[in-house]
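In the part that follows, the structures are each spelled out as structure tokens.
Next come two complexes built around chain A: one with chain B, the other with chain C.
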Partner chain A sequence: MADYREMWANLGMDLEHHDVLCEVLPEAFGGIYLIQQDRPKGMDFYDFVVAEIHGVRPAEMMQHQKEGGKVFGTFCVYVPDEVVFAAGGIAAGLCGGSQFWVSGGEKVLPANTCPLIKASVGARLDKTCPFFLIPDMYVAENTCDGKKKAWEIMAGEVPLHIIDIPQMKRDRDIAAFEAEIKDFIAVVEKVTGNKITAESLGEAIKMINNKRRALQRVYNARKASPVPISGKDALLVTQINFYDDPARAAQMANNLADELEQRINNGTGVFPNNAVRIMISGTPMAIPNWKLHHIVESLGAAVVVEESCTGTRYFENLVDESATTLEGQIRALAERYMKTNCACFTPNSARIDDIVRLADEYKVDGIIDTNLQFCNLYSTESYLVKQVMTEHNLPIMHIETDYSEQDFEQLRTRVEAFLEMLRK
Partner chain B sequence: MIVIGIDIGSVAAKGYLINYDSHHRALIPTGWSPREAGQTIIERLLAASGLASDQVERIYVTGYGRVAFDQADKTVTEIKCHARGIAELYSEVRTIIDIGGQDSKVIRIGEQGRVLDFAMNDKCAAGTGRFLQVMATALGLDVSELGDAEDPGQMQTISSMCTVFAESEIIGSLARGNPKGGIIAGLHQSVGKRVAAMARRMGIKEQVAFTGGVAINPGVKRALEEEIGAKIMVPEVCQYTGALGAALLALENG
Partner chain C sequence: MGLLLKKELDERNIKARISPTPREASKSCGISLIVNETDLPLIEQIIVENNIQILKVVSLARKEWKYRST
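And now, the complex of A and B:
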């Protein structure tokens, strides 16, 4: 990594503690990513972003602030980034994916909180991640109970706006979310000092949609056999899209998709034709959580799709671009975001329908339904997911895990046994 | 054909050598090096059978130590091996409960030992041999003595599933003067409850077999039978079913 120590010091980071993280990450990334064979050239960009993970993008964000712009940190795919970009701000997904931050979160959170929340709170409190220190405001949301209460603790740290996400999807819930978007617009306008117009929101909708379309192209390529890109690489692309500049993110994903489509035409891939194809469904995998993908792919199976926030939930649905008034655009945003299916909602059978559909589209041999430890919502829903998959004759296993390495061998055995079952 | 199956578990390493119509078994504590344990097993099996290493056609290895062991022709998971081993011993078995040193699993199998589904305990010692080992130590016993020392007539229910809390709970129970035999029966019941819950979640189909080192303990068998409400078969070679399965898969080149 280039020298960013001065920038980090200016952010008030705990440099000594942060050095520990900077030391282990390259090795972890090398052992998990760089050892892969025949990676697409288009991954070079993402490798570069990881190599400069706490430097290059934070520097851009701080430059933006120096020029008078504002940065908003977000934690959920239900937060409409379009609003932030329409007001000339930058929105960046912040969720923490490393065990490194967990102990920091445990200082203030109960032990039986999911690692994503612990890591996110820990990254902020321990001051060991620039992304968590840069934002002028956090945009939090009412989704699961763990996050809801964690915001009350984070509110003492940084200005915070909470979007109330409905728990059901009736018409009045969609209308309520529309009202939440309006409130959010007012907040963003106040923080940035910029008025959001139908023109600026329309442009932002197009820009974010373009990023979604680019990711859709990358994922569509994964439907091919042999699969032209590893699940690990595809996951990394999605993870980085959460905080990269959206226009550049779209361009890079499109470049990658061009290459993947070329590979499909040439019949080349990164796994043999007969490799077992796995879908991973469930809770998000925030960067640098690559644990389960690494286990599956080290055992010779390919992860071909993720039904998760760091997967199809992030980009499958587009916002209708036809509206020309703010009112119409806000309605279109509300409708789009309420199409996303998360276990925070009830009933949530549409998510299970998604899994069945994706299994068919991506021709998967088996599903690993996973949730982060202590995620009561996804863990409970796994019962119904398994029931429906069994009705559809789709082999499925459920895994609950966290960011630590301690269950690595046990998980390997379970995944390997599942693959043995599928290879019959 | 001469083949060897090795099952390197967290507590014990087991070996099974098939020499045409005869066979040999070996079992040693795994110790700190799964690799060395596997090597020792091979030496023991060769010594017992009077064979030389180059006469062995194939070696398959399973168990948590399989990754560390580098002299096998193939590694297979213990789930597949237990299924294969049990299918050989009892063709009618459809559910296997295996409780080893650090994990417990329930395996649903079809004909010829085909694995249909399986469940394993999450990373936690509850419902494993490790749980019983910790409790035996707290009671001043060896884990092998627990089975005969239980007294289900004076059952003392242990409410904590967690190894750490259960240990404090039995120390408290002893301090209150409760009978040791009843406490031990309660421990067995606790393991039985935990594993039966996992089995019920997956669906229990008879017949049911119980394997792994903990299957030697008749108290856990009793508790499991009560909890799942079905008769359970424990093979005489209950510790060796994984190694036997590995050997059979090696024989079949599977």
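And now, the complex of A and C:
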């Protein structure tokens, strides 16, 4: 067991405050994850990463900096990681999923800000997360009003580049995003001191695509009945992929997928054949937000797919690898990223089409459409989601929640009633 | 070292779970293995035979897990 306290102190972390999180994690992870039966062996790697959550990967990132490399912290699936890795940098997802950080964010943000933004800002300002203290630069975007304004506060803390995400998906919007990628390349080249070439960008595109393919394999296995992996475990895999080394992440997800495919061949699963199959759609669940999955699965239903940024939106759609010039590769990146269906776009009917398609692919019995508290975009969109699902005879419920324990029992009662209805 | 021991235990079909270190064991966040107490004599033998460095062995009471947000 490594002792990372010296590393954290060197980063300027508030060790005493951080220790509160260290104290809670073993019990929370034990109560949510380790109580599960028949978990795939491939989950050992992910359990290890959680056990050393603020140690093992931050140490790698700091070693990279010692060797002259740069680290970029990112907040959104629209940030093209390929650009960072093509310049020899490391990109790592920073979204905060812990209630522990929320109060730190509330010191500077309005109370009616979503917990993800509060936690992310709190993690930085309170100096209680190494991932937020290591990056040489944050790469942000404008996918909601809350984030837009939060970045202006964060900009006083750390160099920050903002990618302007178009809000519609016309041809000229894709061209605009292409221009944003070009600007981002110039910024990354300046920070790293490395020129991005067609060769290096081509390699990075292949590396990130391989990670996407591996995650798709894990998700494909979840289409089987009985389902060979719990929704909680699958969610953890995706969450860790946001900041792990992409090549290793692909390898680990492929190892896990091998095991899951073997389980399917043997007819073994972690829920009975007749377990209710649930899709969770909506806002992302950043690590360690496992709340809703835990509620659903502790009531005997299986979460078999997430239509979210910590689910299918993260890995569906590959970047075309055939382009050989920088110009062509940048166009391919723009086309791929603009296929992602976030509620920040209008109209966003393609997301609703995705939910209908995924419900069929994963043979779901019911959908829980959820959004983090105060997320106006996803909350408003839930009206249309419900309308279309009802037209397709797909049972759906909507849940708005945060990271706290306060509504846990209330949510459990509501989910239990929904599952009872599905079982009839 | 924790992963090395886990591998050795897996090869012998001895149940072990990788966990963040419980506070009862140490204040330093990091990896621990949770094992059944009845397997402990055999595990201690494996630790010695393979020259695996461990910090300590701590006995934990079995408890009913309750949801707790992180």
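We take it that the second predicted complex is superposed on the first by the 423 of 424 C-alpha atoms of A that agree within 3 Å, B and C clash if a C-alpha of one lies under 4 Å from a C-alpha of the other, contacts with A are read in each partner's own complex, and residues count from 1 in each chain.
We take it that contacts are C-beta pairs under 8 Å (C-beta built on N, C-alpha and C of every residue); 3 or more make two chains touch, one makes a residue touch a chain.
It should be emphasised that the depicted structure is a prediction, and the values quoted were computed from it without experimental measurement.
Asker: After lining both complexes up on chain A, report clash or fit for chain B versus chain C.
Answerer: On the shared chain A, the partners fit.
Asker: Who does A:50 touch here: chain B (first), chain C (second), both, or neither?
Answerer: second
Asker: With both complexes overlaid on chain A, does A:5 touch chain B (first), chain C (second), both or neither?
Answerer: So A:5 only meets chain C here.
Asker: For A:26 in the superposed arrangement: first (chain B), second (chain C), both or neither?
Answerer: In the superposition, A:26 contacts chain C only.
Asker: I'd like to know which partner A:337 touches here: chain B for first, chain C for second, both or neither.
Answerer: The answer is neither, since A:337 touches no partner chain.
Asker: With the C-alpha centre of chain A at the apex, what angle separates the C-alpha centres of chain B and chain C, reported to the nearest 10°?
Answerer: Apex at chain A; the opening toward chain B and chain C is 90 degrees.
Asker: Could you tell me if A:35 is touching chain B, chain C, both of them or neither one (first, second, both, neither)?
Answerer: Second partner only.
Asker: With both complexes superposed on chain A, which partner does A:98 reach: first (chain B), second (chain C), both or neither?
Answerer: In the superposed model, A:98 contacts chain C only, not chain B.
Asker: Go through the superposed model and pick first if A:72 touches only chain B, second if only chain C, both, or neither.
Answerer: neither
Asker: Tell me which partner A:243 touches in the superposition: chain B (first), chain C (second), both or neither.
Answerer: neither
Asker: Examine A:314 and indicate which partner it touches, taking first as chain B and second as chain C; both and neither are also allowed.
Answerer: neither
Asker: Could you figure out whether chain B or chain C reaches more residues of chain A?
Answerer: The partner that reaches more residues of chain A in the superposed model: C.
Asker: Compute the least Cα distance separating chain B from chain C in the superposition and give it as a whole number of Å.
Answerer: 12
Asker: Quick check: in the complex, which residue numbers of chain A touch chain C?
Answerer: 1-5, 19, 21-32, 34-35, 41, 44, 47-48, 50-55, 97-100, 288, 291, 294, 403-405, 408
Asker: Where on chain B does chain A make contact in their complex?
Answerer: Listed in rising order, the residues of chain B that touch chain A are 64, 67, 76-80, 103, 114-118, 120, 122-123.
Asker: In the complex formed with chain B, which residues of chain A make contact?
Answerer: Listed in rising order, the residues of chain A that touch chain B are 400-401, 406-407, 409-410, 412-414, 416-417, 420-421, 424.
Asker: Under the stated contact criterion, what part of chain C meets chain A in this complex?
Answerer: Answer in residue numbers: 1-3, 6, 10, 17-23, 26-32, 34, 54-55, 65-70.
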